[in-house]
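Here subunit A shows up in two complexes: once beside subunit B, once beside subunit C.
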Partner chain A sequence: MIAILRRELGAFFGSLVGFGIIGAFVVIMGLLSLLLDPMGGGGDWFRRGELTMRTFFGIFPWVAAVVLPAVSMKLWAEDRRQATFELLMTLPLPTWKVALGKYFAAVAFFGVMLLATFAWPLMLIKFGSPDWGPVAGGYIACFLLGAAFLAVGAFVSGLTDNQALAFFLSMLICLGIVGMGELRPLVGDLVRNEPLAAITHALSLPVVLLAVLASAVGRDRALGGGAVMIGAVINGGVYAISTLDWSESTMLDVHAKADMVVAAFAQASVLDHFKEIERGIVNTNGLVFFASLIVLFVVLNVMSLESRRYG
Partner chain B sequence: MIEARGITKYYGTFKALDDVSFHVNKGEVLGFLGPNGAGKSTTMKVLTTFISASEGTATVDGFDVHAEPERVRSHLGYLPETPPLYGDMTVEEYLQFCGRARGLSGRELTARLKVVVEDTNLLPKLKSPIVELSKGYRQRTGIAQALIHDPPVLILDEPTSGLDPHQIIEIRKLIERLSVNKAIIFSTHILQEAAAVSSRMVIINGGRKIADGTADQLATLATGTTRLKLLVLGNFAGLPQALKAVAGIVEVHSKDTAEGYSRFSLEVKGGAKAARDACVDVGRLVVKCGLNVAELAQDPMTLEDVFLRLLQSGPRDSQRPDNRRVDFLQEPAPRDANATEMGLPSEMVQAAMAARAKSEQNLPPVKSKSDLKPAEEEGGRA
Partner chain C sequence: MVNRKRNYTLYFMLFSVLMLLALSAVNYLGMEYRQRIDLTGDRRFTLSEGTRSLLEKLPDNITLTYYVSSEPPEKRVNLERDVREKLEELTKAGNGKLSYTVERVEQKNIATKLEELSKYGVEVSEDFQTTDVAEKSAAIGVNRYLSSVLVRYGPGEPKAINGIVNVVDAKTDEARPHRVETLEFDIMYTVMKLKSDQRKPSFKQMLRNMSRPLNVLYFRSEQMPRSNPQVGANVALALDRLREWGGEKVKISTDTIAWGERVGVGGRPLPYVNTPEPTVDPKEAPEPPATPPGMPPLPDDRDGDGTSGATPGTAPGEGKDPRKQPGGITPPGGEAAPKPDTPVKPEAKVGPNFYYTVVGLVTDDGRQDLLYEFGDDRNVDAVLKRLEDRVWELVKPRSSLGIIAPEAGGRSPYSALVNYIYQLGYTGRQINLRQDKRIPPDLAALIVFEPHTLAERELYEIDRFLAQGGNVVMLYQGYAATMSIARFDSGSIILTPIASQPHFVDWCKRLGISFESDLLIQKGGYDLAVVRSAGREGQQLPVSLPLAANVGPDDLDQGSIFARGISGMPLPFPVELKLDDEKLGAQGLTRQDVITLAGQVFKFIPDNRDMPSIPRLGLSLDGGPEVQLNPDAAPDVTTRLQRLGRPALIASVLSGTFKSAWQGEGKLVPRWDAAAAAPDTSDLGGQPVPELKAKPGRLMVMSCAGTFNSEYFSSWRQEDVNAILRGGVQFYQNIADAGIYGDELVSLRAKTGAAPRIRADYSRGERITWYVLVLGGTPALLLVFGFMRGALRAKAREEYRLKLEKMEAA
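Entry: the complex of A and B
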């Protein structure tokens, strides 16, 4: 396992691509932290005239969802394209050890990426006396979320021999994970106002997404196209019907249930857990959440690789 | 060391392997032959546990590929069809990685690295990035990788593909050297390759094993006959007829005639023993007909002939009792009771002699030449 980890780390740092990813990450994070104002503090850094890491941690999930798939895309896809996949799968090691070796290498590389952003806290020391709780919490939250994204990326990378496909699919999934939390208010409104549409969307969208994913991996365009069209027709039709008049009694009944749906969404939202840890509240709830996300996708990765033996 | 028992592999509904069984002993090199797409690589992937068989199983060094895959993997070295190389590493880094991943370390790793680098002549490229290597060096790096942990079993999928003749000979020598204390399987679709290195061959086609044996056994298996070549001095129209009457001979082909010599190709039912018997009879017959034997010997079939004939016919196995062709491997049936003590039907000999008398005047000056070959004159003239 150590041999695999060493080899993968060597591959990350042996090429310019590795340093390019680190550089891009630091520059994007730096620029966006200065220019954006997601916390609503009144304009960008130049206008605000105050230095804070809140913007940095606020945008991290979105940047990580785009950058980290570039780290994980080659983990398996590159081996799958070459015969080295055969080498790895015929080593006298169980598949989970090989998978963990690769995963830990990606996590270690990501750790270096995070270290490269330590210029920010250093700047805080230079210009003031920061509260270290939120900074440490923020970095822990970033690390956990990034590690979860890498587990997703490693899993997707193991499904295909095409690195670009692995990148886009894992980026979509990671963006989806982040977006789910941001969409929560919207979902709440939808559930309250058009319950039938909300239920249909909730049930059909994952199915359509899965079909698209399966078709992309299996290169079956008909499946993906068909799924999208059927999904569009059903969702559109139901939405149209649901905007028609509804009687007051059924609405009331649904409203009570809608709150439960929203609550469930909150529990499954990566962003909520991320924000909680970022605020310095490192509780078991959040840690277990990220740990189970990571374990889930690492196990899926091993299972999908192992299942190839029986293909 | 390696034993495959009834391996069947489906890819979806496609049957890639159909009940393939064979074994390889220690010290043996098994040539795995077949056209492209016959199932050679699939068989090797099952043996290396890279994929699992749908039915049947195999053992490597006593360990079952399905029950103890990791044990199997630690006992074998595998070179896939494409060498499994990381282009961003140097040869040395790559071999160190392979050694470490297989549990070698420290002095042991250094020592093994030295051995395999010498075996595969990689020293000049040790510090080169793999991406810059020529195909020959890549192939050799792939072989070095399979040898790094000194496995008792070696599975090489087309180890000589893409190499120049000089490199091919080097690899052959390496395989021969290694075979002393290992069991080796290597696949190829080149016949000379298999014949040059392997002690035994298995031929598969369309996922089925169609033959298993040494080159000579396969030649007999392919046709059920052994070929003789005959060159006689003199021209005699009745000779083909007379030859056909010799016990065991099933086919006579007249070839070219030049400078008074006539060439024939004879197919003898059965293996090497039957062919030797037939040689004696043919020699006597030719001399009896008043001609001289210039050349009479077994004509080994080219492997291409064997290969193509085996591919055309159905599966065949020298170890299977129900095989119709197996009869031909056994000794020929007792000779015809009507035959003379020479094994020739007397009426055929008489007819031949009569025909010979008629064409006496057409004969070339036999005597002067036959003086040079006293040994062939021993039988005397008819």
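Entry: the complex of A and C
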């Protein structure tokens, strides 16, 4: 595993692409957070007067959702393209060790990317006495989110031999993960107006999504198509059922359960966990959530690679 | 092959579902058994020990209700969650003594909810959407939402904490007093206020136990409203009841205003009540019908003294019985009142559309209140109820602040503070030690203006008060200013140093306290008093001399209760406070710096201690050339203005057990000087110092006293003075609260959530340098690294080529 890790790290730093990604990341983050502040009120950092890295951490999820797929896209797709994939798969190593070696290499590279922003904390020291808690929390949150994005990217990269496709797919998934929290008002509305539909969606959509993933991993179109069809019937049909007359006690019961959907959705909102840790509150549910996301996609990656043995 | 694939896919699905379930379970456990580490420097998101300790000691339960809009503004999307989390934490710390509920209010129902809750003081919150956030006038929209916590403690009315926000935007939210981070303090502070309000006795006991007489002035017109013609008589009867209960402590004078006349008192018109229809003569109002037979009197012991509290002239149970019809008096004899819509006799005299029922309440310590609208009170009990609340506000026991201030011609320039303290609900007791000879021991805090001018004996008394656990605030003033405000010409400010008495200097030195002699001038401070007329237009322009520092958020220790809400407080003519940590440490005293001027501060260094006059254009020194304030000037003897280059300490709180300076063998009590009035034969002057029981006390030292010196702001418009003194008033309220509620409240951090600020004195060059460093530093390093790596590789390739060539040659 260490040998794989070293090989991948060497590949990252052996070409200009690795340095280019780090440089671009630092410049983009610097420009957006220091001079433009698109997530806040705008204006440059000195005018805002706050001795914090709030703007830096505020834009990080969006920048990372775009930049990190560029790191992860080549993890497997490059091997496929250069036909070294088969070589890797025939090494006397279990697949998970190979996958973890590659994944940790990407995470180490991402660590270097974060270290490359060292000038920010130095600037804080220079211009006052910052509160280091939120700064440390912010870096922890960035690291966890980045590691999760890299797991997503590694999984997507393992599905295709086209790097560009891997990049765009990973970027879309990462942006979707970040933006999911923004859907919360919509979910809230749905829960209030159509509680039964909300519960049905909450239970069925993950299963449908999983089936689609499985069909992608196993390249079984029939399964994917079937899952989508069944999902559409269930999720569409629930609106017809909800027009029926329900007793008041049943509706109250349904409403109570639907509130759990909102709670579950809140727990699944990446941005909320990120912001919480970024404020300086490192908490178990945030850590567990990010760890779950990483484990889920790394395992999916391993399983998708395993499936190649049967293809 | 296809079957194998299908099997694997199904296996994958099954495995994934199991893994998803396992991960969901782990996440659920993580949420259920949530643990967290608060990394912030002041542990902003964690309850303080003070709160835990207070919760333990409270005898009654606290109930909190959080009213929150279901759709708060976009940037406050997690408002409910954040507040809920804080309330949850408080609930856990309360061990069953504190419970909370959250009530979500739909946007369309906010108005209805507010109507329901406005009696408790619940208000709507507003977020301004602006193009230029610094200017509310440029607002392009307002988000109205509900975010209030209603605190219930004990049997009294609940109190509301309004406008709680979670996200703090430096530009728009710095001034928000209630934030998620401050909620802990806000709730505990409200509980303590509610706790102290519980002491309200029955009206009868209240009047009996009044420490000072209550004077009641009643003005009533002959005409009364058609809808409630007996209201004037009801009020009179209620006042008779007051006299009966209060005895000699209630003095009532009644004045009847002639039919249709309008009157005034002291040159100001008395307030009257307008009526929609002409008034009538109450004597000609119809006789009220008799009490329906068979209606039993209701038990009535509202006085708590075991006797019936039925009011003379009121039917038994009047005002208590919901069956009783509203309206009218109440004549003696127990007859019921007429209905409000009872038609007035057609021959009744018709009066103007106004009437008077004015009740003035005055206590002899200067508190007063005025009631003039009793139109809805249809019986004596209702009038009494209305009077009870207002009288309680006037006569309730209040914690008092003792104030020792220098006087000139029988008047103190700091007297404005006393009025402000009254308004805050405390008693400000002016103490003249030369006459009173002692400091009352029940003071919440003793505020001493210009302590360096006090006689030795006065200082001795203060020293003993402090050593016995008192709270003392010493406000030093380095310079006295004489303001000359000219109407048609330039005015001037003459500054004169105020000499310190040697015993005061020694006393401070022993503790490790000293005051610098140089005047501090803060860039961006308040311009003081000298005004001039700018010709025919009569404009008054202030001279640009920022002689009063302006306390900003950056200058305050936000973790101190004393700093809470005082941002904007002016500090006229401040000097620097110095503390010797070694000496403080040796005496076991701890310090907490409250105000430190962190912005651009300059020392004004006079050659001699007789400060020159300051004409309108700048600082004139000994008749030399006028010198403009030039903040960027290098230290220069000519300008005598020097950049301080470090934050200037203005106020600090010293806590611990203070050892009296007059303690020890051979120490004698200082004598009053000859000027002290009324020599006292029992005085201990010249005798050995008696023993004292030492207790931990608190001394706040501040190097500027002039905030409430009315002379310094006399040329300002009143509304400007009020606006800036609000911070100053809050400062004294903090001091009072610290004295009343004790160390536990002080230890509750007044966390503001405000981010630390970038120091103000950076130059343009520094700014550009750091922009370049942050943006280009890493890419530059990478470039260097890349070049070095390229060079090394080229070198290695070259060596390898040479090696190959050698091998080939060999």
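Throughout what follows, the second predicted complex is superposed on the first by the 221 of 311 C-alpha atoms of A that agree within 3 Å, B and C clash if a C-alpha of one lies under 4 Å from a C-alpha of the other, contacts with A are read in each partner's own complex, and residues count from 1 in each chain.
As a convention for this text, a residue touches a chain if its C-beta (ideal position, glycine included) is under 8 Å from a C-beta of that chain, and two chains touch if they have at least 3 such contacts.
Keep in mind the model is a prediction, meaning the values are calculated, not measured.
Chemist: After lining up the shared chain so the two structures overlap, which partner does A:Asp272 touch, if you call subunit B first and subunit C second: first, second, both or neither?
Modeler: second
Chemist: Touching A:Ser15 in the superposition: subunit B (first), subunit C (second), both, neither?
Modeler: After superposition on chain A, A:Ser15 lies in contact with subunit B alone.
Chemist: When the two structures are overlaid on chain A, which partner does A:Arg81 contact: first (subunit B), second (subunit C), both, or neither?
Modeler: Neither partner.
Chemist: Under the stated touch criterion, which partner chain does A:Asp131 make contact with: subunit B (first), subunit C (second), both, or neither?
Modeler: second
Chemist: May I ask you to decide whether A:Leu91 touches subunit B, subunit C, both, or neither, giving the answer as first, second, both or neither?
Modeler: Only subunit B is touched by A:Leu91; subunit C is not.
Chemist: Which of the two partners, first being subunit B and second being subunit C, lies in contact with A:Ile4: first, second, both, or neither?
Modeler: The first partner, subunit B, only.
Chemist: Does subunit C touch more residues of subunit A than subunit B does, or is it the other way round?
Modeler: Of subunit B and subunit C, C contacts more residues of subunit A.
Chemist: State which residues of subunit A lie in both footprints, the one left by subunit B and the one left by subunit C.
Modeler: Residues 310-311 of subunit A touch both subunit B and subunit C.
Chemist: Which residues of subunit A touch subunit B in the complex?
Modeler: 2-4, 6-7, 10-11, 14-15, 82-87, 89-94, 308-311
Chemist: Name, in rising order, each residue of subunit A that touches subunit C in their complex.
Modeler: Listed in rising order, the residues of subunit A that touch subunit C are 16, 19, 22-23, 26-27, 30-31, 34-35, 40-41, 45-46, 48-52, 54, 116-120, 122-123, 126-134, 136-137, 184-185, 188, 206-207, 210-211, 213-215, 217-220, 223, 266-267, 272, 275, 279-285, 287-289, 292, 295-296, 299-300, 303, 306-307, 310-311.
Chemist: Applying the document's contact rule, which stretches of subunit B touch subunit A when the two form their complex?
Modeler: So the residues of subunit B in touch with subunit A come to 11, 45, 48-52, 70-71, 73-74, 76, 78, 80-86, 88-89, 93, 97-98, 100-103, 145.
Chemist: For a test of understanding, state which residues of subunit C touch subunit A in their complex under the given definition.
Modeler: That would be residues 4-6, 8-10, 12-13, 15-17, 19-20, 23, 26-27, 29-31, 33-42, 44-45, 70-71, 77-78, 81, 133, 169-171, 755-759, 762, 766-767, 770-771, 773-779, 782, 785-786 of subunit C.
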